[in-house]
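The structure is given below, and queries will be raised subsequently.
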Amino acid sequence: GYGRFGLNYNSDAVFNESQIDMRMRINIDGSVETDSGITFGGRIRLQYDENTVSDNDSDGLVSNDRAGAQLSPAMLYATGFGVRVEVGNANTAYDSVALMYNSEIGYLDRGFGDPNGNYFSFNSTPYGSEEINRMGLFVSYSAGGFNGRISLVDPDQTGAVIDEEELSLSVDYAFGQATVAAAYVDNAAGVENAQALFLGAEYAISDAANIGLLYFDYDEDLDANDSVRVTLYGNYTMDAITFKGYVATDDQDGLANDTAYGLGVDYDLGGARLSGDIHRSYAEETIAGLGVRFDF
Amino acid sequence: GYGRFGLNYNSDAVFNESQIDMRMRINIDGSVETDSGITFGGRIRLQYDENTVSDNDSDGLVSNDRAGAQLSPAMLYATGFGVRVEVGNANTAYDSVALMYNSEIGYLDRGFGDPNGNYFSFNSTPYGSEEINRMGLFVSYSAGGFNGRISLVDPDQTGAVIDEEELSLSVDYAFGQATVAAAYVDNAAGVENAQALFLGAEYAISDAANIGLLYFDYDEDLDANDSVRVTLYGNYTMDAITFKGYVATDDQDGLANDTAYGLGVDYDLGGARLSGDIHRSYAEETIAGLGVRFDF
Amino acid sequence: GYGRFGLNYNSDAVFNESQIDMRMRINIDGSVETDSGITFGGRIRLQYDENTVSDNDSDGLVSNDRAGAQLSPAMLYATGFGVRVEVGNANTAYDSVALMYNSEIGYLDRGFGDPNGNYFSFNSTPYGSEEINRMGLFVSYSAGGFNGRISLVDPDQTGAVIDEEELSLSVDYAFGQATVAAAYVDNAAGVENAQALFLGAEYAISDAANIGLLYFDYDEDLDANDSVRVTLYGNYTMDAITFKGYVATDDQDGLANDTAYGLGVDYDLGGARLSGDIHRSYAEETIAGLGVRFDF
């Protein structure tokens, strides 16, 4: 698991512009390796984020709402010989592809060059009311620098609710100093005809410097949500300090500005990192953060 | 804990006949051994089952309901010198007796030769609204092949709600190739005058084969729920494969058929098992499953 | 964590005078030590108490309420060189001061010489509806026998709800056979102008005997809640047996009696303790308990 905490600033916040942001995540895992070489296991995630209602009732008021750490649904898996199968609260092919989140910066690992649109992924908190009977399947295969994945998520496997199954596919390949990746998702997040395509490439200029280019195309029946986003990012490491930056463009209707960008600095504490980040959003907000992230 | 997942088929399902079934169970234990030789400890269970609402509100609608892993109430215990005392979310004498569940088959460990009626047991999920203030006590004594148990569960120890305390007793004894067991419960599951009696015997014909006979008599004021169930079961192991089967009869009013039966096959994966099961229920449904079960 | 269970008696209980009382507490911790000598970590607490609703809805009825173990919000910390910083569900300076709870007796660690008034502390269960967006900060410094602490808790850091931040300070110092402590809290528990002051001293008469005196002054705008409480306590150990006692006076309006007292006996089981306690409350109730407490 990991922990992170720090200060977060948003120039356009309705109430306090500066707040403390924190998360603690603990993965509760169990597994057994069989004589046949196949490992079976499972995971339930325990997570707390600040300012989050964990136990909400139906009245739309805050009365009796409560806030504590939350438990995810479980994911079970079998793995061996380069193949991994996941069932339940499974990862998805689209969300698991390489490079997709590499433009993120700061102790919150965020940025406006992230994927657009909605799609399923491992759910860190309980399923919401529309997905109580959700069931996911995921299969991946790895060999050398190659990874391929396919996943299917049925938001309601009982069939009582009419809905669409999300299907996604992804591949990535690392060779020498380069990594390339592609992913596709249909009926994204269970929305009929919602589709997203991702293409990405990263190149290691040297041991200390990387540069990458990401392309996201999200398309659904409701045109107002359509967007093509292109993200260029890079990072450079000098001793304990890593500089990071990105610039992203998005053609979605209604954005105040079709360009967003951000700069970040990480300082390696030898087992943790101190990170600062500052962004200009599509809504022309200034967003900044300074905090610590540690893994245990 | 353990994990299990697989396909489940029910010929008479209202919606999807085939669904994926899964559970992940983790027992969170803590204990300390004192200088006096007595060990004190406790357990809280963390469990996720698919298609389960974990956080339900009071409006009878699915709005705001959520589904994640759930935490049980705690059980505390003291054990030493053959005696074990449990307090809180305690096991019960009736539910803990030997043989009672030995006719179960498949990765879901199920069958129609299981005990009839309702009775208390360790609760894997939070207590329901009728049992918020439930308190159980359990004492067992073991010596050689003998086990004796007594338990008491008060569904509301505050006394604010009028209810009945469940009392249960059980004994079992293993000698040579035979095991015999008997159990009795009064005010079963807190229902006044609900009583259940269990008698069972199992015999190991050889290292590879077992046969057993179970008798369950459940009786309460509402005669429609009364039933006498008799279960005959057996299993036979050849190398990594174990064949299992049972046939059960139940005289409860209103059953479409008073006989149910099932066949199962386990394949030992050396730390996990692949299991298939097929049943014909009292309601003349065909129920089948194929999946994996692993313990960690 | 720890477990405790036993019998509890209250002469004035509305329903059952005698009930079984139990708690299981497990601290789920994670931490990492960095090369710089600073340790980063976090804690989420898992706890079950009997007779507690864990999942309550908004209808004011027990329908659909449930009771299981509960998860706290998370606390994250950084510690090194005698300094400790906590964020989130942080401890507070007032609650963490030495001596404050030293008059407690019995397996439930309770007594009527405990602090008066309300104030924030590490929350073992989810925040309630008034504190969903609560955020705490805590800094302590230790050197030799000295400890100093300061904490700030904002019941709603989003600023959407008008409320007061609780500020508290505390110091304690152990030298030779004596320990002295002082603590102060303003806007206690987020109540404007609610203030509490604590002064305490303890003296070890010998290896086997201690005596202490505590002074608590709680003051808020609503005078009916004001109280000055003074507690005198002592304990004496003979082999495995420790005798404990306290007498406390409280000048709050409306108390049936301004004096309360209690006697307790602990028997050391070598890794656990068997404890009995009996009290006379300010309401002239007789309260008694007998049970076991063990840490793991």
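Order of writing sets the labels: A, B and C. Residues in every chain begin at 1.
Operating definition for what follows: contacts are C-beta pairs under 8 Å (C-beta built on N, C-alpha and C of every residue); 3 or more make two chains touch, one makes a residue touch a chain.
Predicted, not measured: the structure shown is a model, and the values here were computed from it.
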> So how do the chains connect up here, line, ring, star, complete, or something else (other)?
Replying inline: complete
>> Rounded to a multiple of 5, how large is the rotation, in degrees, that superposes the C-alpha trace of chain A on chain C?
In response: 120
> Just curious, how far off is chain C from chain B if you go by their C-alpha centres, in Å?
Replying inline: 40
> Of all residues in chain C, which are in touch with two or more distinct other chains?
Replying inline: 55, 57-58, 70-71
> Where on chain A does chain C make contact in their complex?
Replying inline: 1-5, 14-16, 19-20, 22-24, 26, 46, 48, 50-55, 57-59, 61-71, 269-272, 292, 294-296
>> Help me check something: in the complex, which residues belonging to chain C touch chain A?
In response: 28, 30-36, 38, 40-44, 55-58, 70-74, 76, 78, 87-88, 125-135, 137, 157-160
